[in-house]
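Per-chain numbering from 1; labels A, B and C assigned in written order.
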Amino acid sequence: MPLKTMPWLRLVLGTLLLSSATAWAKWEVNMTPGVTAISREIYDLHMIIFWICVVIGILVFGVMFWSVFAHRKSKGAQPAQFHESTFVELIWTTIPFVILIAMAVPATKSLIKIYDTKESEIDIKITGYQWKWHYDYLNDGFGFFSNLSTPSDEIHNKAPKGENYLLEVDEPLVIPINTKVRFLVTANDVIHSWWVPAIAVKKDAIPGFVNEAWTIIEEPGTYRGQCAELCGKDHGFMPVVVVAKEKADYQTWVDERKAAAQQESGLKDKVWSMEDLMERGEKTYATYCAACHNSDGTGIPPQFPGLKGSAIAVGDKSAHVDVVLNGRPGTYMAAFGAQLNEVDLAAVITYERNAWGNDTGDLIQPAEIAKIKAAQ
Amino acid sequence: MSSDSSYQTYYVPEQSKLPIVMAIGLAVTVFGAGSMLNDMSAGRADSLAHWIFYAGALIIAGTMFNWFSKVIKENHAGMYSDQLNRSFVWGMSWFIFSEVMFFAAFFGALYYVRNFAVPWLGGEGEKGISNMLWPQFQATWPLVNMPDATNFTTPKALVDPWHIPLWNTILLLSSSVTVHFAHTALKKENRAGLKLWLFVTVALGFTFLALQIYEYAEAYNHLGLTLNSGIYGSTFFMLTGFHGAHVTIGGIMLTIMLLRVLKGHFKPDDHFGFEAASWYWHFVDVVWVGLFLFVYIL
Amino acid sequence: MSAVIETHDHNHHHGPAKGWQRWVYTTNHKDIGTLYLWFSFIMFLVGGSMAMVIRAELFQPGLQIVAPEFFNQMTTMHGLIMVFGAVMPAFVGLANWMVPMMVGAPDMALPRMNNLSFWILPFAFTLLLSTLFMEGGAPNFGWTFYAPLSTTYAPDTVTFFIFGVHIIGASSIMGAINIVATILNMRAPGMTLMKMPLFVWTWLITAYLLIAVMPVLAGVVTMMLMDIHFGTSFFSAAGGGDPVLFQHVFWFFGHPEVYIMILPAFGVVSQIIPTFSRKRLFGYTSMVYATSSIAFLSFIVWAHHMFTVGMPLAGELFFMYATMLIAVPTGVKVFNWVTTMFRGSLTFETPMLFATSFVVLFTIGGFSGLMLAIAPADFQYHDTYFVVAHFHYVLVPGAIFGIMAGVYYWLPKWCGNMYNETLGKCHFWLSFVGMNLTFFPMHFVGLAGMPRRIPDYALQFADFNQISSIGGFMFGATQLLFLYIVINAIRSGKPASQQVWESAEGLEWSIPSPAPYHTFSTPPEVK
């Protein structure tokens, strides 16, 4: 059983530290009004229904508590005899019905607006993976993965937790303000759900289908959310971060991105040294593989095999390349050939074959990977 | 409500070992079936799980046999009142209703994929944008070319509704009529007619099954239409397959009724076992009409 | 071996057998009711212990006690066990005990099948729980087991889960058929439909819901089984299927299922409130119609669980409106209960305490349900702790308090002894405080953006989670008191009178306490 050591001690300490825990956080108790017209509309809708419920609650519970206090046997209350009245039944069927219609009208209006995805200026395809997001800028032809960047030491209580614990990524989604951005949401494996509260967009990412959503953000800033559909082991560890920039800043960012993509594609023809590959491989491994195979290569048996000293990582090189490129269908091991570029693939395989005492000395060049990929 | 006398003779059975044995049988069966499927999918050739499954199925079959024998004996001993027989009527009717709902799930799935999922994947309708993931794919029904054909068997042709399925429709519909004739004969105490019509019904039922098996063999061996042929194959085989399973059950029930008739069971005013089996048969028949329409023709 | 029941003096022939055989071979509705109730309580403790693991892990941010894999198994098993193992069997247990007595029948309509319905359950849950110890671990895809997480990406044990669901479903269908047959066919002379106690009415309607939707659940798990082992593509777009199809079929079962878990509780409360108000239930007829309307509507609202899957606009609107409509008949029920109390002569023994707080807290849960029904707002609420708060408010002070109210109310009739009233009140107040402490803060963290089904969370949610956990431990520990109270009453409670409660009405109070092993062997005349 995956019990960790000394949990109860932690628990007791935690209780004692309840007061200091309070210092960590501001007490948030309500929905955020957000930073878009739609999010504010939803917030208002939320508050209207909330207050209607409060008022009805006060009335109903009021009558009840009045009876509880005033009509007690101990106070000598005699039971009345009435037990039926079609008239009041009709009243209290009709009034709630009218109230519901009053709620439904603004809700319908908002919904129609939310569904209007036409006339977007920028289209971004969002793909959910176990457990990261991929963003494709369809108009500009580049894309990248966005991974959790909270260090695993913080998660395992070995280091103090940072301010944006679990809500930080290596590469956020960047979009311009005051621009209608359309999101085309889909998934690669299981269902995920892309959610950013501040812009009130939550859309399920369904493998094989595409859902549409849109936003117009009004203020520059960083907006954080999380995956909102159970998607397996690390569902709690796939945050969404959106950075909204002024239009001009956004344009500069796009240009930089394109240039970087250009440069990156040049790297795959270069001949790499062992150190460079290992350095890059370590990073790639930490980002893409450590979630399942653990940062020290021990895996999480029995479902997730360790790679440290494993037959495949110290054995036949081409078998190793094959698993990483094509995955193992029907298991959590995905086909990374479709996700990573040649350099990262070469680097991570080289790393796995030489780290944690797997000293095979093997070195795989990006060009080799490119050849294998082309042959498939 | 009925007269007082029917209450006073209400039969509450003694303690019984049947249910617990049945429960154990069910548990063994599902445990065996689960292990068997897991071993099969994992390719474990030395698996013995199927023996557990068979053992469970045997326990279930044996218990059912004893259970029904006991009910029949008790009825013959005159322990059952009209009221108890009405309980059986309610029980059987709502059991058939639950079966209707089971088929509804699969018909619902067929409706959904035909009218929503497949057109969306093919670029039509409100979620037609999904087609960007499958640019080569075109929606057709029956669906023979899958969005991603790599992992599926593509059928060369489909079952022609106007051959075997049409014959099967005729067979089943007439068997519904013949079972009704048998029932009328039973009520008129015409034993010869009862035997004849019931026998004809059973024969029609098993001919249907034989043709259905032949059709499956054709589909698998010559047409390349299998469970693995995408959503068309999935809905086709699941609907017709579960129907076939129900025909088998209904056929067994009617066969037992025939054997009981030959042993001289049933009276014109007391033959609920027969009626239950014939209702079940009519239900199986109605489902087939739905199938013929929505799976084969449309 | 004949056991034709004619007169009372036959009873000594077929009183309870001795030893374990009494329970294993029994065909007596009271024995089977008892079995169901104990089984359900054990499952409540098991499922509750899993909730304790969840709450302990969520006590603080960071991973401390369990790994995420195991956390997901706990969440899934907690939901499954509470729904299928605790709440549903408890209500079937109450029905077994009370329905025959309330309609003046000698037993359930089909006693041997009744025994089978029960005995399937211990085997099914043993199978389900044993997956915790198998390779790959227990089901980890949530109690809603959405495909493809539960098909392509599931551990092997999903096969056992599927077959487990099959036999649990068979048990429920048989139980429901039995109840329908009993209510429609076994009523004493003069017990017309509109004279039936409301508990019987709510169970009749619940039984119909069960017969209609359990087969659909069986259908959807069968499709999963085929996708996993036989290459079909119901839930895979590559073959022309759709993962969302799974959700439609599941929720066609799932939404009526949540009313299956609340309608019998409505029935229990409708028995208790008039008794302790010493006043007839207000609006009996409208209660019957309201319950039927809720049941009808429950079939056309299922996709409110799927507002974010990207349904076409028309579907979204339809399901939003239909869902909102359910507030109307439910409101009628709430108003009727309150009016029953109004100008009554109230006392607050333990059953009434639970029933009164049921009305208030269930309504709060209903209000949050109504908020969830507003589709655009649900885009913010969906899959957050706001939903978790909603459904625990309708399930814990709803279903569970309803069951407990019923147990306190009828226990003296079952075992012939009174429970300890002081301890009962303690149990109530500790539960009341613990439960609110656990689930009220979940509204806040949910609105502030905490997703559900996560083993670790961002720092701003820490305080409220800590409060929730403390409340959860308190509520959980309190249930051990309940266990003690029940055992104490059975073994050494003061003998109870036939009537038990001052102004209780109904056939069950016209027979001695404890109720004799066979009741109404000669049917009573009703009015």
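Couple of notes before you dig in:
Heads up, the rule we're going with is that contacts are C-beta pairs under 8 Å (C-beta built on N, C-alpha and C of every residue); 3 or more make two chains touch, one makes a residue touch a chain.
Computed from a prediction, not measured in an experiment: that's the story for all the values here.
If the chains shown are joined wherever they touch, the resulting network links each chain directly to all the rest.
Here the chain pair with the top count of touching C-beta pairs is A-C. Chain centres here are Cα averages; for chain B and chain C they lie 31 Å apart. Taking each chain's centre as the mean of its C-alpha atoms, chain A lies 44 Å from chain B.
Shown for chain A are the residues in touch with two or more other chains, namely 208-209, 211-212. Within chain C, contacts with two or more other chains are made by residues 237-238, 242, 244, 310, 313. Under the contact definition stated at the top, the residues of chain B that touch 2 or more other chains are 120-121, 127, 130, 133-134, 147. Of all residues in chain B, only 120-121, 127, 129-130, 132-134, 147 touch chain A in the complex they form. Remark: chain A residues 1-4, 7, 10-11, 14-15, 18, 21-22, 24-32, 41-42, 45-46, 49-50, 53, 56-57, 60-61, 63-64, 66-68, 71-74, 77-85, 88-89, 92-93, 96-97, 100, 103-104, 107-108, 110-112, 114-115, 130, 154-157, 161, 163-167, 185, 189-191, 193, 195, 197, 200-204, 206-209, 211-212, 225-237, 300, 302-303, 330, 332 touch chain C in the complex.
Touching chain B in their complex are the following residues of chain A: 184, 186, 208-212. Interface residues of chain C, counted against chain B in their complex, comprise 1-6, 14, 17, 21-22, 24-28, 106-107, 109-113, 115-116, 119-120, 123-124, 126-127, 156, 159-160, 162-164, 166-167, 170, 173, 176-178, 180-182, 184-189, 211-216, 218-220, 222-223, 225-226, 228-234, 237-242, 244-245, 248-249, 252, 310, 312-313, 518, 522-523. Residues 1, 4, 7-20, 22-24, 26-27, 30-31, 33-34, 37-38, 40-42, 67, 77, 79, 83-84, 86-88, 90-91, 94-95, 97-99, 101-102, 104-106, 108-109, 112-113, 116-118, 120-121, 125-127, 130, 133-134, 143, 146-148, 151-152, 226-228, 230-234, 237-238 of chain B are the ones that touch chain C when the two sit in their complex.
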